[in-house]
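Got some structures for you, see below.
One chain, chain A, appears in both complexes that follow, with chain B as partner in the first and chain C in the second.
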Partner chain A sequence: MVNDPGDRVLEPYVETDNSVETRKAVSDGLLGIHNITSNRFWQFAALFGIMFIFGIVGFVWKLSSGFDDKSTWGYYVAVFAFLMTTSSAAPMVAIAPRIANSHWRRPISRAAEIWTLAGCLNLILYIPLIWLLPSLENGRRSLWFYGQQEGVPAYSPHIWATLAIVGLVLLGLSLLWLSTLPDFAVLRDQGEGWKKKWGGKLALGWRGTSAQWNWQHHRMGVVGAFYFMMLVFVHFFISVEFLMVHVPGWIDSLYPITHAHNALQAGVATVMLTMFFLRQFGGYKDYIGLDQFWGLGKLLLALSLLWFWFWFSSFNVFWYGGKPSEQAVLELFVKGPYLYLFITIFILVFILPWFTMIWNPVRRSVWGPAILATSVLIGTLLDRIRLYVASWDVAGRSMAKELEMKMQDVPTKIQTPGYEDIFIMVGFIAGSILIFMLATRLIPAVNLWEQKEMLLYKAEIQFHRTKVTVMGKPR
Partner chain B sequence: MQEHTQLSHKQINEDLLKGVLTVPKWWLPAVSFLGLVVLTGLGAFFFMMYHGLGVTGLNRPVMWGVFIANFVFWIGISHAGIMISAILRLTQAEWRRPITRAAEVMTVFSLIAALHTPLMHVGRPWRVLYWIFPYDFSRGIWPNIRSPFVWDPSAVGTYLIASSLFVFVCLLPDIAILRDRAKKPIVKKIYAQMALGFRGTPRQWKLQILAGILLSALVLPVFVSVHSIVSWDFAVLIGVEGWHSTIFAPYFIIGAIHSGVSAVAMLMALSVWLYGLDKYIKPDHFDAIARLLIVVATTWFFFFFLEWVYALYTLAPPEIALRELQAFQWPYGPLFAIFIITSFVIPVPLWLFKRVRRSVVWMFWTTVLVNIGMWLERFLIVIPGLIRRTHMTFDWGTYHPSIVEILIVVETFAFVCLGMLLFAKVLPLVPLFDVKEGMVNRRLIKVGRRVIPATIREGLPHHYYEKKQ
Partner chain C sequence: MAKRSVLGLYSEEDSAADALDNLREAGFEEGEYEILTGVPYPEGTFGEAEPEHKLYRWPLIGAACGFTIALLITAGTELAYPLITGGKPILSIPAMAIIMYEGSMLGAIIFTIIGIIFESRLPRIFMGAYSEKITEGHIGVTVTTEETRTDIAETALNKAGTDGEIIRGWE
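Now for the complex of A and B:
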């Protein structure tokens, strides 16, 4: 038995003047990129800003049209759900690998967390929806246990949904702030002008003591875990309150999971595309490598396969069961007027990622994952439109009190969007991107402290005739 | 792993082949006892074949009894191997190394146990031959390919073949070691045949690793399809309340992973106690599997919660009546309480404590509890669903498993244990090559005053890909 590890203990990381990768070099490099704001950045920001103004115009226009006809609100809810599916789910790409101690997530995590800021837009979009949710007085089904429905307030769904969505946004902001604390301290100490001022205020006296670091890791773990749980619950509420409750006969116990899973898939795609732009146009080429695209690509492949499994699990039970009300639900969402839209979604969200991401050369490229992420995001947007527009169209036919939908109740054609819907769709998606872009002016888009931490855990050694990378995994 | 003991290859060979090359004192009594139980179970089965299914408790309306519950349970346990071996292999989790083989082997034996339960359940198992050789076209006795009962054997059979192949491919280097160490010519010859000429050349290693990765990836869809299909045996029916639920496929799979991974933790504890493998299976391994179990169990509980919420959400009186029967009425109410308490309420909070996670004894008993609960879960899905009185049912509340059924169910447990013990007698239960590879790859890095575990990264280094770009 060889109890003494002997030469297997690698020496600690020591910075020398000759070191290529030093903590200072990482700080200087990332701050240097962070401090440069090109003209092209402002041009794009202005473009997204103008689009966002159109979105606000559409929003006001929509509000002025009133809440009486629910069938006209499908596209609006679809945009809300799309932003909930993408920007609110993106931080999971930072949380999950961080809990699993995966080093490849380090350059990714900050950008993923910044997307939580876009959740503030979701809150604005959510406000009118409170007036559109059916209350328990209308005879709608409740998630409360059947024996206790008598004593439940009529507006309890509104309260629960609001608490969940606000809670998710607040948790997201807390996570972003906690994760940025050490970087704010760097801005305070090394930044200039308004960044130095705001960095100082937001760093809250961060000095990097052992106790502060211990707390930092601990709190980020706890807040991350809560964020994940809250995300699942939010999708549970959204899938019930904004979808299932409007469609008589749609009792799909798997759907909340499917909705949350769609969010994870779209969240990964969002981060993938963000990484692509940061690498290609943001100057982060030295920090965002192929490892990141490879890691994200594997995640996207797994999630795309799961997409099919979840969809088929629901579809098969409904289709094979042959129950009339469930056949009507299938007619509404799959076989009826939305058939071609469904086929397009199926190709974009499942077929394309599956048949391409399965190949290592595609996953290990920059353009491959970026194109497929775009495919998944377009597919997800179309999927939100298919589901929400169809279900709100049915809700507009005042069938909420019925427990089962009949085939003749299924609409024969797709609702078309109004100008205000298009304005909202384009404007609020652009608004989310604008918020992300502006946030990167204060918050470094690639995590400084996680990159520097990486230097401590990584070593290159000679192994027989080749050089290999050794990665440390602290518990 | 923090508590690492660096061992030489010679030491690893001696430790891990001890169970194969020597006979522990407890081995023969244990094998004899288990063999007796298996024979008793088979005796009960032949008795049932001779007298017919009337000797069981099966009667209208409950025609699916403990046999089917047991079938679902063993299918669930079989998910452990792929979960532990394939998924952890693909995600390069280092802690998987000493436990993969036991998990894979348990998959194979539990699949055989699962397969023979429905075969006994049908009463006249020889008729399975008609599926392979239909003797009369005109009588239309071809198997109905639209039936889930055709999907089941196809899926489980595919899974059994794929898992066996997976076990065999991963065994090759270890069989080669046994071939080289065997003294008796006949034994040497058998191992030599099984090793397929494995000599450990670079090309053979490359092919073996590639085959392992490919099989891991290919077996994953089979793994998912098997329990999905088993769940659809129930879920596609609309006549039985409580079964027609879209969540059944993922719910069954996550439940299977819960019970399967728990069974692997039980096996780990037994390996430490029976074979003295504490140098290989350390508290860190128990800690890692317990963390995995916390995630799996919580996810499973969420799925269970959704299944119930949506059942009640229908507001359909039969559905509500079934749930009341399952949860509150005798004799299912107490079983339901035991199921919830043993599968979630006791183990998961206990696993939150590091001392419990790192204790072999605690992990063994908590995972035993999980499997008691998960067996009851399957029982509570199958029986109350069928037994409930409906307007077309003239006979209800009649099912009590007979002694014949109980003996056959016990036989399946003894069969799996016996299979594992016999396997461990001829082949190593811990993969030698995998453990050695882990030792070779392992390093430690000093960070400040701490020394943290490190591993050589599998695959090509980062800069290789960058250059190609």
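Now for the complex of A and C:
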């Protein structure tokens, strides 16, 4: 390359850095970080482990109290819905940009995928809900035409919701396995100690033939697409079967997709916070940069604006409609006992992200998006508490057969959580984080093969009198 | 006859592509040689044949099976108990749609996962000719053929300038 004194590029040139040495350096660099487990890691793992034990105690305590009093189960269902909204939605951050062939997602896609392992915990949390959910014989409105169509099983919601959630968990595990397979081969060949041993077992003899790469690429695309379809469907089920049908008069065709949208927003926030911790404390500062925060920050801003759109569309119909049943639903969720909680949620999930993320300096920073992701996650947890605790409070009042809820039937105060509820909430959220942390001891938190693949597509070229970086895309 | 495999390692993509050309000239056919890499190169980078995939077969068959079963469950129930409700037809799509959608999805998911396991040809018990240098960044060209032809393969691989010794293995 020839430069003149003004640093202008005078002769055509192209520079790539895809040598064996560079590829090895990328592998070695990432494996070096992966192999280190600091004392601080184990301190936090122990802390989350202790919290998780409290969660298990709360879980057993809750089960021993029985399923008769539905009104006390709101917090339990809320934490289940919260985990489905966050950890189960996080893999979408890997799936969508990968389908769109964007490069900025490479350092964060694995972290998003590892969250699928927490789906197993969600599945355990879901099991008691099968017993909690009343059969259709209680006379509630449902999707299942029960009572109108002979032969419909009274446990239709239980059967289909269970199959959908199991399907989602299976898809998540498949996606993670497909993505990790080449990295297990790296651990087998380059790793040390128990990681080498387990890498060898889990790589299943992966050699990296063209046919294997082709198979892996296309399968990841199909499984990812199915994961997205199933995620939306599962949220449709959760929001209808565990929420809406328990409140007489809550008829809102938009709400199931609102629930799914909330999951996408919280999923992005979960990954944003994960990459913040990986960067600041996990040693991945050189891999997770401003590009990732900027890319996800834009998504978070868009999804936060959509949060308002979805909420306002439903609210407007109810508010303008003014039917007594709709007034009662608004009283329950917005204007009544949950008013201050609602205002807090509104600020945390919409106002704060909106008024801060519109500014480039906040969006193109590390701390700004991470703080706002925390705000979104706290807001989402409170939102799940508001909706599920209120709905199960109503479910406990045996109004299922009524077509609409009267104003005098609306609970006047928020259900207080019991100690077991607090244990479950803290314990299972900590349990999900613990699963993620422990998984990163075996599975590299930053995708090795995708980082090396990027070297193939990156080049610095002459552009008139200056240099620009060009990122290619595979066909 | 027992087959053996030989592996040549290359630092440069062009050398690996030359090795494939040499193998073709020496009479080896597609299917006898493979490229091994630690990263997914774009298809055809080394002049190799683009792998054919029957990707959509499994999910489509699964979805069709799931849809059919769901259709039979829902339509069968409605026809077995033919009660007219609210003036709607006996076979009402809205009452069937959710189960048919989920049936299709579950069928597609189950078949896709079976397909993944089946098509992956994993686990591979014997690695054949393989080197750990591949996951470090080297490009491997492996030839799996009759024992009598391995010398020809080795010559073709060496002609392209291998990086180190030829590695041999049993299949």
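To be clear about the criterion, the second predicted complex is superposed on the first by the 447 of 475 C-alpha atoms of A that agree within 3 Å, B and C clash if a C-alpha of one lies under 4 Å from a C-alpha of the other, contacts with A are read in each partner's own complex, and residues count from 1 in each chain.
By definition in this document, a residue touches a chain if its C-beta (ideal position, glycine included) is under 8 Å from a C-beta of that chain, and two chains touch if they have at least 3 such contacts.
Model, not experiment: these values are computed from the prediction.
J.: First (chain B), second (chain C), both or neither: which does A:163 touch?
T.: In the superposition, A:163 contacts chain C only.
J.: With the two complexes superposed on chain A, say which partner A:211 touches: chain B (first), chain C (second), both, or neither.
T.: Second partner only.
J.: Contact-wise, after the overlay, does A:222 reach chain B, chain C, both or neither (first, second, both, neither)?
T.: second
J.: Using the superposition on chain A described above, determine whether A:185 touches chain B (first), chain C (second), both, or neither.
T.: Once the two structures are laid over each other on A, A:185 reaches chain C alone.
J.: Examine A:470 and indicate which partner it touches, taking first as chain B and second as chain C; both and neither are also allowed.
T.: The answer is first: A:470 touches chain B but not chain C.
J.: Could you tell me if A:24 is touching chain B, chain C, both of them or neither one (first, second, both, neither)?
T.: In the superposition, A:24 touches chain C alone.
J.: First (chain B), second (chain C), both or neither: which does A:403 touch?
T.: First partner only, chain B.
J.: Shared contact residues on chain A, chain B side and chain C side combined as an intersection?
T.: In chain A, residues 143, 145, 456, 474-475 are touched by chain B and also by chain C.
J.: Considering the complex alone, what residue numbers of chain A touch chain B?
T.: 1-5, 8-13, 141-143, 145-146, 232, 236, 251-257, 289-291, 294, 305, 309-310, 313-314, 316-318, 320-323, 364-366, 403, 456-457, 459-461, 463, 467-475
J.: If we count contacts the way the header does, which residues on chain B are in touch with chain A in the complex?
T.: Residue positions touching the partner: 2, 4-8, 11, 94, 221, 224, 228, 232, 235-238, 244-250, 279, 302-303, 306-307, 309-316, 320, 442-448, 450-457, 461-462, 465-466, 469.
J.: If you look only at chain C, which of its residues touch chain A in the complex?
T.: Residues 11, 34-43, 48, 50-51, 53, 55-56, 59, 77-78, 80-81, 83, 85-86, 92, 95, 98-99, 101-102, 105-106, 108-109, 112-113, 115-116, 119-120, 122-128, 130, 132, 134-138, 140 of chain C touch chain A in their complex.
J.: State the interface residues of chain A toward chain C in the complex, per the touch definition above.
T.: Those in contact with chain C are residues 19-24, 27, 143, 145, 148-152, 160, 163-164, 167, 170-171, 174, 178, 182, 185-186, 188-190, 204-219, 222-223, 226, 229-230, 233, 449, 452-453, 455-456, 474-475.
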